[in-house]
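Heads up, the thing below is written out as structure tokens.
Residue numbering begins at 1 within each chain, and the chains themselves are lettered A, B, C, D, E and F in the order written.
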Amino acid sequence: MTENPHDFESRRARGNERVLENAPLAIKRFFALDHDVYEDGVLPKKTKDLLGLTASTVLRCNDCIAHHLEEATASGATREEIAEALGIALLVGGSITIPYLRFAFEFLEELA
Amino acid sequence: MTENPHDFESRRARGNERVLENAPLAIKRFFALDHDVYEDGVLPKKTKDLLGLTASTVLRCNDCIAHHLEEATASGATREEIAEALGIALLVGGSITIPYLRFAFEFLEELA
Amino acid sequence: MTENPHDFESRRARGNERVLENAPLAIKRFFALDHDVYEDGVLPKKTKDLLGLTASTVLRCNDCIAHHLEEATASGATREEIAEALGIALLVGGSITIPYLRFAFEFLEELA
Amino acid sequence: MTENPHDFESRRARGNERVLENAPLAIKRFFALDHDVYEDGVLPKKTKDLLGLTASTVLRCNDCIAHHLEEATASGATREEIAEALGIALLVGGSITIPYLRFAFEFLEELA
Amino acid sequence: MTENPHDFESRRARGNERVLENAPLAIKRFFALDHDVYEDGVLPKKTKDLLGLTASTVLRCNDCIAHHLEEATASGATREEIAEALGIALLVGGSITIPYLRFAFEFLEELA
Amino acid sequence: MTENPHDFESRRARGNERVLENAPLAIKRFFALDHDVYEDGVLPKKTKDLLGLTASTVLRCNDCIAHHLEEATASGATREEIAEALGIALLVGGSITIPYLRFAFEFLEELA
């Protein structure tokens, strides 16, 4: 079964805490930067979240996909917009991304 | 434990269904194409299934490996032929593929 | 020196012709699909071009970056929007993408 | 929950056994070579284990990370040295490696 | 222009020589193994060369593609068989492989 | 021919300048961080440069390899130490890294 978003979120938070407790300064600064880059700029946060989702799908990382689905949904991306972004990821990244698309659509359903 | 082939197959089918229910036309057309490309051509289906298996192993995707092992076995590929294809994947892809080889040989045993 | 956009475009067109002359049907169908997926949908073409650009940057393919920069520019993406999309690619994909960012900003200058 | 090191080690050993029982000679020779390359040379084993850990992190393979964490720890690498190596992996490989850093720091805690 | 096969072959030979002059034993043993794994086994050399070609295409390495095209052609693989193998690589690896397909079909023409 | 280190260095500097002229703040901060992470810490700079080199080789980026070879050499890494680090990269990353090893050993000769 796909992990539900609440469990994912608390597992992710606990893990990040452990990283940051043990991390040298470079890692802490990277985490801060990784937060800021998705903030509204000339591109709205919603578009940036879809960029993060597509990048995570072609690079095939389920935890990253889950996080960006949460963010994109919170920014107001619709299921249809998300599905189109995933369609581009599939074309760019090929059939090797299909298991990650299965995960994405299941997690999206859990989010709804 | 490695998931048994029956459970894998029904998880995979359910997931693909969910994708196709929500997918834009581009994704549906990709899925059709992804089925057709492995059909007999100037290369027999068995060879194509081994090509799909090797590609899945160097790209390191267990669900893709499981699917191509099922297809290759159904096309008549022997355990020895599959092991040679995985040997090439290991040489091309390096030690980072070893956990995927462990999975492949375990899933192959489940299939037998 | 970075290849100028006109030379890139004719090299790309010649190469694609050669592929399509020799390609089995599956490849031709893929090319058609790869064209259609970037058309206006619930997401505008400009956003889709930025998705293609970001995916190409994290996967580190200069020819793909050049193509999506041309498309994004033609769709009205500004230099600032493109730079933000590349910033997300850099954060997701890491310093290994930096040579591709150098290429992207040089090609963008040639396009202007 | 992160698998504990003892369970990981016995799962890994069982899997490798299964590979080697079924493997053609090329795979067996690769496994031998993959063992020898980390032995003391002009670089000490500890440095080589950190090289293996960093490579495994940028290529994003948890089982490989677990193995190299065990080896690096056994060779005397401290938590601070490991954290710096993971910091470099994060910078080179980008935010897509973050879930693997979470795994690494959790597994490291289990090892302690 | 695509490098002609003769120039590629001598550049490749010179480069390999330089590697082997400076290489520790592990690298030399890897090179020997990398030669042996493509020899006739339960799978014929031609099939193995197509496996190497497909793996090289999804991993996107032109020099590796050139080498496997030479080997596959020498083993008797026809242009149609090679094109089908590249079609599978395209489906598995996605549009990001297209520039590598352009290279492959151009190099194949040079080989003819 | 392999580009000589002087030409590489000025091409790299010009490219980075162009990126930084056009870059949003996130990219500038990433560049600063990417410089700092290789400074002496609990691991000496030389070890960090070898970590960067190995990561660049398994991720197959010649410009990144060239840069880390310059840094590692300046930090006092010997040819034998570099060759052992590249041997680990080859084992982890497989034969697909061989063209990058050819480049690395040629660039190293130019550096000498």
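Simple rule for what comes next: a residue touches a chain if its C-beta (ideal position, glycine included) is under 8 Å from a C-beta of that chain, and two chains touch if they have at least 3 such contacts.
It should be emphasised that the depicted structure is a prediction, and the values quoted were computed from it without experimental measurement.
Listed by label, the chains touching chain D and chain F alike are A, B, C, E.
Residues touching across the chain A-chain E interface largely coincide between the two copies, over half of the numbers being common to both. Seen from the Cα centre of chain D, the chain whose own Cα centre is farthest off is C. The pair from A-F, D-F or B-F that reproduces the interface of B-C, where over half of the contact pairs by residue number are the same, turns out to be A-F. If you compare B-D with A-C, the chain pair joined by more contacting C-beta pairs is A-C. As a whole-number value, the distance joining the C-alpha centres of chain E and chain F reads 26 Å.
Averaging C-alpha coordinates per chain places the centre of chain D 29 Å away from that of chain E.
Looking at chain F, residues 24, 26, 30, 33-34, 37, 41, 55-56, 58-59, 64, 80, 84, 87, 90-93, 95-96 sit in touch with two or more other chains.
Against chain A, the residues of chain D that register as touching in their complex are 60, 79-80, 83-84, 86-87, 90-91, 95-96, 98-99, 101-103, 105-106, 108-109.
Against chain E, the residues of chain C that register as touching in their complex are 12, 15-16, 18-19, 22-24, 26-27, 30, 34, 55-56, 59, 61, 63-64.
On chain D, the positions that touch chain C within their shared complex are 58, 90-97.
Residues 24, 26, 29-30, 33, 36-37, 41 of chain B are the ones that touch chain C when the two sit in their complex.
Residues 33-34, 37-38, 41-43, 47-48, 50-52, 54-56, 58-59, 64, 78, 80-81, 84-85, 87-89, 91-93 of chain D are the ones that touch chain F when the two sit in their complex.
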